[in-house]
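In what follows, structures are represented as structure tokens.
Look for chain A in each of the two complexes below; its partner is chain B in the first and chain C in the second.
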Partner chain A sequence: MSEHLKTNNALIKWIDHRLPVFSMMNETMIDYPAPKNLNYWWNFGSLAGFALVVMIVTGIVLAMQYTAHVDYAFNSVERIMRDVNGGWLIRYIHMNMASFFFIVVFIHMFRGLYYGSYKAPREILWMLGVVILLLMMATAFMGYVLPWGQMSFWGATVITNLFSAIPVFGEAIVVWLWGGFSVDNPTLNRFFALHYLLPFVIVGVVVVHLWALHRFGSNNPLGIEANGQQDKIPFHPYYTVKDAFGVGVFLLAFSGFLFFAPNFLGHPDNYIPANPLVTPAHIVPEWYFLPFYAILRSIPDKLLGVVAMFASIGILFILPWLDRSPVRSAKFRPVYKWFFWLFFANCILLGWVGQEAAEGLPLILGRLATAWYFIHFLVVLPLLGVMERPKPLPVSISEPVLSGGGGLAAAAAKPMEKA
Partner chain B sequence: MKKFVLTAAAAAVTLGLGIGAASAAEALKAPSKTWSFSGVFGTYDQAQLQRGYQVYKQVCSSCHGMDLIAFRNLADLGYNEDELKAIAAEYEVTDGPDEFGDMFDRPARLSDYFPSPFANAQAAAAANGGAAPPDLSLVAKARVGGPDYLYALLTGYEDDVSEEVLQQIFETETHKREVQYAAAMEAYEVRLAKYQEKVKTDPTAKEPAMPEDPGPVESVEDLGLPDTASFNAYFPGYGIAMAPPLSEDIVEYADGTPATLSNLSADVSAFMMWAAEPTMDQRKQMGIKVILFLLVFTGILYAAKRKCWADVH
Partner chain C sequence: MAADSAHASQQSQDEETRRDFLYLMATAMGVVGTGAFAWPLVNSMNPSKEVLALASTEVDLSPIEVGQSLTVMWRGKPVFIRHRTEAEIAEAADVALDELPDQEADADRVVKPEWLVVGGNCTHLGCVPLGQKTGDEKGEYGGWFCPCHGSHYDTSGRIRKGPAPENLPVPPVEFLDDTTIKIG
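This part shows the complex of A and B:
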């Protein structure tokens, strides 16, 4: 192991011989070979890791000042905003980074969909990512309950009630989740405990996600395996500097919201203390749940609605086996490319429907969009795998990247670069 | 208990799945106004906040509490410590228990929070026709439109809004009623046809009642607001329990600013915005510095990236 580690430091050598932690860091973050043609869409994985760390650090600081009790939670958050030194900054970072974490992860996933990163041999890598998404959603939902505003309370009431749709045991499960007969102090307490726990579970799954990633290395925009060393570059300094630049751009966009519109992505009703006797006119989840909320509401049957909502994420687990095309990248899949963008637009549409009242045009569009969401996975992808004629693949990563002409493969790949 | 859980579950799911029934209570969208604190470089105007505090103290505070604001916080408005102590000392707060176990009243100190106008929520509700006036500490962040909405609301009573605004509301409401009436008539026709069929065999069948044409909305009276409510163009449903609180010269400004309705409303809305977001000035100033730093830092990283990658492409 340690033969790759170049150091003259005797202490490091001594430690590394007994605990090869420096060798491991060297192999995973410095010498780690990555395809040389990764584009900026590959920045979003490291950005997601960055967001996770920011969430955990700010969250731990907030937990030192927060009181998880129905009588004090709302005011303890306001004390953080008003009286704790820098409290407003920490709290606004935590609040807005939650949204940005989802933006980053959604982009990361759409990148995976576009370039076929879920295909063999990276199926488990992809599935671990879906597990991370589910954990993030649970964590975000419980975090939104903690300030104990009107949306916290009513959002918690609506979402926990979804479990009552489970036949026979539904009611009992909901009472068990609440720790009582309504959303109340026991609910708030357990949500706080779990909201503190789950991020560390996410860290654990992220480690396994990276482990699976490093087994075969990153996919790349061409979707072909790297052919030996000429197609690869060491992670450091190439991707460390590129990822650092990505973090800079990300922080610029984030700062725009953080400092100049920190409540833009939130809901005004959550600045009203929770009141079980007054229902808000519109109970709307956070924006990142809207597409899933739209799927839930577009199905008139409660149980089927809940099933469809969970299935919309569950279906991602079997995606590697639904998409039968041997070609990964949409660059070489002329028909899939169009369906990808259609699917993307469909997700945006679902998000819009999710914040509208479930009646009239939004309801109809929501039903169509929900149907399309599942048709895309269950019908379009399996059929495309058989019917689509992919464009010829380049022979290697180096050829289309390096040469301006010449080889057959490069000539074939060149016009597609524009896409 | 089980029944309660079932009902709660049913209610919540109906809420979750059937949102939108509440959209009947719409109101006009508050027009956006230019504030001293608007935009990236906007900051609070201390003189305006002081005037707004005066309006709150002399008018609003008789019904609305501001539980999250302490007298020490008013330093943000530009008062010095002696002035703050004098402001606080005008209030009596209950403290204790003392060494004999008795509660006692004393003048407020800087660390005390604004005293509530009512002993508790029940007392507040009882004194205000059943609905407790909301606390104003966070109201500027707890309403869609924020300070724009508050200003629009305070200047949105019947005598103060323009004829244009009234006409706009009347037209929307008339249209809404026409749509509802048409739907009701359609349903009536169906029921009538059924009745005419049924009455042939069963003479005791009841003839359905014809829906009444609500007619157009041509005046505030036509809106049919409850007697206890005042018309307000910007309040959801147009009927607000709060009677017009402000009027010209209700307050005599210490700095000589004319106490027009517009000034009173703008000043107190700005004050409420400050109360909801006292760290806004600090936040924006920090934001400008952070963004300038990030622009340079990211620029350097980009240059480093370009240089580092020069040999790859």
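This part shows the complex of A and C:
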């Protein structure tokens, strides 16, 4: 795999000599050497990128029809749905792709947890991913406010009020966020400005995320470093084709929701115009916030609830230092593997609790699940790092293949040519 | 020789500290200058003059019967006005202060005991508690109940149970005559 651009086109050569964009594209997307054993869980990175592009394209077109004013916002969205040519399609794509974007990113992250992709030397890559998650959450939260329905308004009220838990400055910060004494027109305006801006900030962080990725290349299902050229294949055509196939399957599932159940993931109350005098009987955030909302509600103290909710994401930043096990992939970690699935189930449980009223059984389960969420990171992972006995690792990525599924003998005989 | 070179290095060290000083001053100026220009941008997001100007509301209390409530808007938020019954007033006044999470006497929260005027947003995360309409659930203490995360307020609008940390706030209230108040 040569890192040099192969072309006979004189214009491309001329440009590339002065501004090596073509070489760069070649190195990152065409000749880029990727581990040859990546499975389908590795599709979700490029899928996330695809979703981001769809959000930006549909968002810009929506913004041409949308009015960010408390008196017009709701009606401008209804106008998009009824009068604008294909407006319903564009809005439903934007609405449902927001959900699918989160599904994809959550799977992408669980992939990282299972295969230990956050471990050295990929800590910064992982942390940039957490930054992207936070930016996505901010973007989606502010986007949900724009249609100015009941859930928009009360979601915005509840979430901005989280900041009033900050000692001393809390009230001043909330008034500053609102630009008034309640969620109102100034709030809607600035949320629109930021909702337009943040996706482009995400693009910027994604570029840095990929920069960090290409420093050491992708992790892989075995979690061992690729050992030179025999462990790698060029990104194009192998992974371009595989990723494109993934996009096809993804779009199939997406179209199911888009055309047959476009409001399934939303809340009907958001089709009632915002009313500052009446809170809906049961306010719930969008589904992708539910586990975090459950953590917030399971703690009876306001400040501690807010702290726990932010900590549940913040803890991901220090994950690379909490998990001390030298082995990356859960394939070779017989105990961690079970705790991974327990953690996964616990997250689903938190999501379920988040949409129930905070009383009785859901409240108790929510408290237990919240406790387990933190115990997993703060107790289980550090302990496993020292107590677990990992299974023996294969010598290289090629070895299990060349030796027909195992054994060290074949590995020794294998050619070790270096790139 | 040795003295000479010691002298030279002394001098270059002197120069370095001077240069360090200049670096430090220049950087500090840059930071302060940027901060000074960032402040107006940040401050522009605070409530503007016309938002602040909408700061008071007058309410006619005469149509509200004993036991009834009215919700009015003040600064874009609901304000609860309750014409309290004798029983409600007594209940609010009789509570021992040390039973309250946020200790405040009922007498300090009202101008006239029969008229309770409090902000209508839960001090937890801002939902509008139930209890204004006759059929509403009023919570375990007969005042208001916030369904969002289960906060109970008493007949003085004080928090008694649930995640809300503070009592419903009392806005500035002034009686213009017997049946008219100005809020704000």
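The rule is short, and it goes like this: the second predicted complex is superposed on the first by the 400 of 419 C-alpha atoms of A that agree within 3 Å, B and C clash if a C-alpha of one lies under 4 Å from a C-alpha of the other, contacts with A are read in each partner's own complex, and residues count from 1 in each chain.
Here is the rule we use: a contact is a pair of C-beta atoms (placed from the backbone, for glycine too) under 8 Å apart; a residue touches a chain by one contact, two chains touch by 3 or more.
Quantities reported herein were computed from a predicted structural model and do not represent experimental measurements.
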Larger contact residue set on chain A - chain B or chain C: B
Using the superposition on chain A described above, determine whether A:204 touches chain B (first), chain C (second), both, or neither. neither
Does the superposition put A:278 against chain B (first), chain C (second), both, or neither? second
Could you tell me if A:297 is touching chain B, chain C, both of them or neither one (first, second, both, neither)? both
If you stack the two complexes on chain A, which partner ends up touching A:190: first (chain B), second (chain C), both, or neither? second
Using the superposition on chain A described above, determine whether A:359 touches chain B (first), chain C (second), both, or neither. both
On the A-aligned overlay, A:179 touches which partner chain: chain B = first, chain C = second, or both, or neither? second
After lining up the shared chain so the two structures overlap, which partner does A:255 touch, if you call chain B first and chain C second: first, second, both or neither? first
Check whether A:157 is in contact with chain B, with chain C, with both or with neither, and answer first, second, both or neither. both
In the overlay, answer first, second, both or neither for which of chain B and chain C A:121 touches. neither
Is there a shared patch on chain A that both chain B and chain C touch, and which residues make it up? 154, 157-159, 161-162, 175, 181-182, 279, 281-283, 297, 302, 305, 357-359
Footprint of chain C on chain A - complex, ascending: 154, 157-162, 175-184, 186, 190, 276-279, 281-283, 297, 300-303, 305, 357-359
Residues of chain C that touch chain A when the two form their complex: 42, 45-48, 51, 71, 73, 75-78, 120-121, 124-128, 147-150, 162-165
Residue positions on chain B within touch of chain A in the complex are 1-2, 4-6, 8-9, 12-13, 15-20, 22-23, 25, 40, 68, 73, 134, 137-138, 141-144, 146, 236, 276, 278-279, 282-284, 286-288, 290-291, 294-295, 297-298, 301-302, 304-305, 308-309, 312-313
If we count contacts the way the header does, which residues on chain A are in touch with chain B in the complex? 36, 75, 78, 81-82, 88-89, 92, 154, 157-159, 161-162, 164-165, 171, 174-175, 181-182, 233, 237-238, 241-242, 244-245, 248-249, 251-252, 255-256, 258-260, 262-263, 268-269, 271-272, 279, 281-284, 296-297, 302, 305, 356-359, 401
